[in-house]
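Following are the structures in question.
Each of the next two complexes has chain A plus one other chain: chain B in the first, chain C in the second.
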Partner chain A sequence: MEISPDNLIYFARSPVVINATLVFTWLTMIFLVGVSAWVTRQLLVRPPLPRWQNVLELVVDSIYQQIKDITQQDPEPYLSFVGTLFLFIVTANVLMVVPGYQTPTGSLSTTTALALCVFVAVPIYGIRQQGLGRYLKSYLEPTPIMLPFQIIGEFSRTLALAVRLFGNIMSGNLLAAILLSLIPLFVPVVMQVLGLILGLIQAYVFAVLALVYIASATQVQQQQYPISTEGTNHE
Partner chain B sequence: MLINWFTVFAQILNFLILVALLRWFLYKPILKVMHRRQALIEERWQASERLQAEAQQALDTYQQQQQDLQQQRAEMLAQAHAAAAQERQHQLAQVRQEMSDQRAAWQTDLHQEQEAFLRTLRQQVIHQITAIARQALGDLANADLERQIVEVFCDRLRHLDPAQHETIAQALDQSDQPILIRSSFELSPDLRQQVIDQLQAQFAVSQPIDFANTPSLLCGIDLKLAGQEIVWSLDTYLHTLEQRLSTALTQEETAHHDPRLSAGAGRLH
Partner chain C sequence: MSDLALIGAVAIVTAGLTIAIGSIGPALGEGMAVARALGAIAQQPDKTNTITRTLFVGLAMVESTAIYCLVVSMILLFVNPFWNYFSGN
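This part shows the complex of A and B:
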């Protein structure tokens, strides 16, 4: 029993290590991109819409509305990053029910990589939204004494993001494995269903937390200099 | 060690590639289609609002036209009513005028008929009376009526009042025109001589004396000289009878005067 798919190595030549995490990440990427490319190859503006176009529009529109509700800003700049985070995690977690599939989110390396992406994306969005000076100044508010705590907070929340996702998914997998060995019938199925729900919730939590961090970095300016919250015409 | 830093680096790279791929294959096309659909819906919405405004405007115009038409209809109806009332009054007046004219014509005809009847009656009565008188005189005096008339005439000449006698004498002196004696019957020669003798005795006549037969004198004889006239005729007596008969006929006409016409005129209102 492996705790992490990182330990399932297919190819290794230092420093390159091709393990199950990378392989199943690629498979997940191929699946996501393939489905997207297949559905969006012929999109229709006027109804009746094809079934899969409807599904994708529903998914994208839900993410779009969620971002808009949380950030109170134009969602388009954040849609690619936050949406991909959510879609990748949720796909990886849902595919967990496929026998033999090693979910990449059960690897601390993957969750750390995603958390690092969020860690870098927050200042990038913040600086792009309000400029370098004003963004750095936000660390000194409400008082410069808070600066160490702000920096610690940045790191700790990144760590929390990574560990939370990894811990939940890994524990779910581990619990299922232990139960499978103790009570082989029925109970593991229930645990798999619970794992699916847990995977969805964790994907949502990860994406929303990332969004909240980004929003908190970009909303300082709005509190000080209210601008028109002219969103898209997407109502 | 749970973290493999090569895997972390590779996963960051994978994630960034996935972001780029999904942006290209998923978000952009889907958002583009949704925005286009939104624009289409807004365009249709505006078009429908414009059409609705146009429809409302057309409806307003139509209602205005309908109102105008109703108003025109009411005005035309009022005009037609007024014209009909005027025409009715005109026709009534015309009918009344025609009835009045007919009534007047009818009364004129009646009058003429009445006069013709009276004239005929009078002539018949006079003829009858003359015949009766002639018969009576012939039976009673053993003399014909003409002789009696001539004698009465001669007697009237003899007993002229002096003023009239003087006037006739002066007129005869100043005129040389012939004296005309008219009678309703042909005078026999001895009667003519009797008259001539009587004129000679009264006025010493030098002018010639002419005799004429005039049936319109109605059993009588008259003498005309220079504006003076000496007459005896049954016509004088018959005038009284005529007046009485005329009065009787007029009363009868008034009593039977046109009850239907009055009733008919009374209904025409």
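This part shows the complex of A and C:
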């Protein structure tokens, strides 16, 4: 039984290995870019909007609003990064119902790559917002004794992000495969629908957690001022 | 019993135990979280959006411990590292 699309190899010559994860990641990216390019070919400002422009605007605007609600900051700098993460994972998870499509998020390589993006993005946003010195100082924030734990936390939450997404999607696929061999009639369909909901929720959770990590890196300094936004959004 | 059979038996039993014991805690935790969230929604229906959002994120974080157990048991069953070691590479 295949546990991950990494084991499905299409083409291998010693330095280059093309496996299913790679192929379907690129297909997903081509799909996303293609749809966006096709919709934004001619944008209108006046009321009779093209239908698909409306859809795309709705998607972008709802992501914008969500980011605004969660961080209570200006969403503009985070929109592209978090929105891309969310849209990629959602597309990959929803296309799971297409027969023959191997979900790239069901492979630990993809989810690790996404989690590493978040791992790198957190200090970038933090330094851009507060400057290098103040960002590094935020590691010593409550007391310097906590420094090792802060650093461990930085790594372990990256690991958790990767394994969480992988585990959920992989278990969904595996469950569908096992049920298909046990009760091949109707039940796998219900499990697929459940898998769709699970995929959406996991994409949402991944994006929100990335956002919360980034926001906690950029907000630390602001909290010392009396007009602080409440700290309820931290982890 | 040969080495290979011993590894297989131990791996299967451990995988079952891992997922069985590892899902108790998250199940209890998630149940408590959902119960509290439902109570909160019943008391303040206009805060439903915020509560639901926080609940989902919290549930995902609680659930991740169960997912770790699942991944460990899957590794034990399907890509057990000791399997290749004893089966003569």
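Assorted remarks:
Keep this in mind: the second predicted complex is superposed on the first by the 222 of 235 C-alpha atoms of A that agree within 3 Å, B and C clash if a C-alpha of one lies under 4 Å from a C-alpha of the other, contacts with A are read in each partner's own complex, and residues count from 1 in each chain.
Going forward, a residue touches a chain if its C-beta (ideal position, glycine included) is under 8 Å from a C-beta of that chain, and two chains touch if they have at least 3 such contacts.
Please read these numbers as outputs of a predicted model, since none were measured by experiment.
Aligning the two structures on chain A places chain B and chain C next to each other without any clash. By the touch criterion defined above, A:E141 lies against neither chain B nor chain C after alignment on the C-alpha atoms of chain A.
Which of chain B and chain C touches more residues of chain A: that partner is B. Contacts of A:I70 after superposition: chain C is touched, whereas chain B is not reached. Of the two partner chains placed by superposition, only chain C is touched by A:A160; chain B is not.
Contacts of A:L43 after superposition: chain B is touched, whereas chain C is not reached.
In the superposed model, A:I201 lies in contact with chain C only, and not with chain B. In the superposition on chain A, A:A113 contacts chain B only, with no contact to chain C.
The gap separating chain B from chain C at its narrowest, counted between C-alpha atoms of the superposed chains, is 7 angstrom.
Shared interface residues of chain A, touching chain B in one complex and chain C in the other, are 3, 166. Per the touch definition, chain A reaches chain B in the complex via residues 3-4, 6, 15-17, 19, 21-22, 25-26, 29, 32-33, 36-37, 40, 43-46, 53, 56-57, 60-61, 64, 76, 79-81, 83-85, 87-88, 104, 107-110, 112-114, 116-117, 166, 232-235. Of all the residues in chain B, the ones that touch chain A in their complex are 2-12, 14-19, 21-23, 25-27, 29-40, 42. Residues of chain C touching chain A in their complex: 49-50, 53, 56-57, 60-61, 63-64, 67-68, 70-71, 74, 78-79.
Residue ranges of chain A in contact with chain C, taken from their complex: 1, 3, 69-70, 160, 163-164, 166-168, 170-171, 174, 201-202, 204-205, 208-209, 212.
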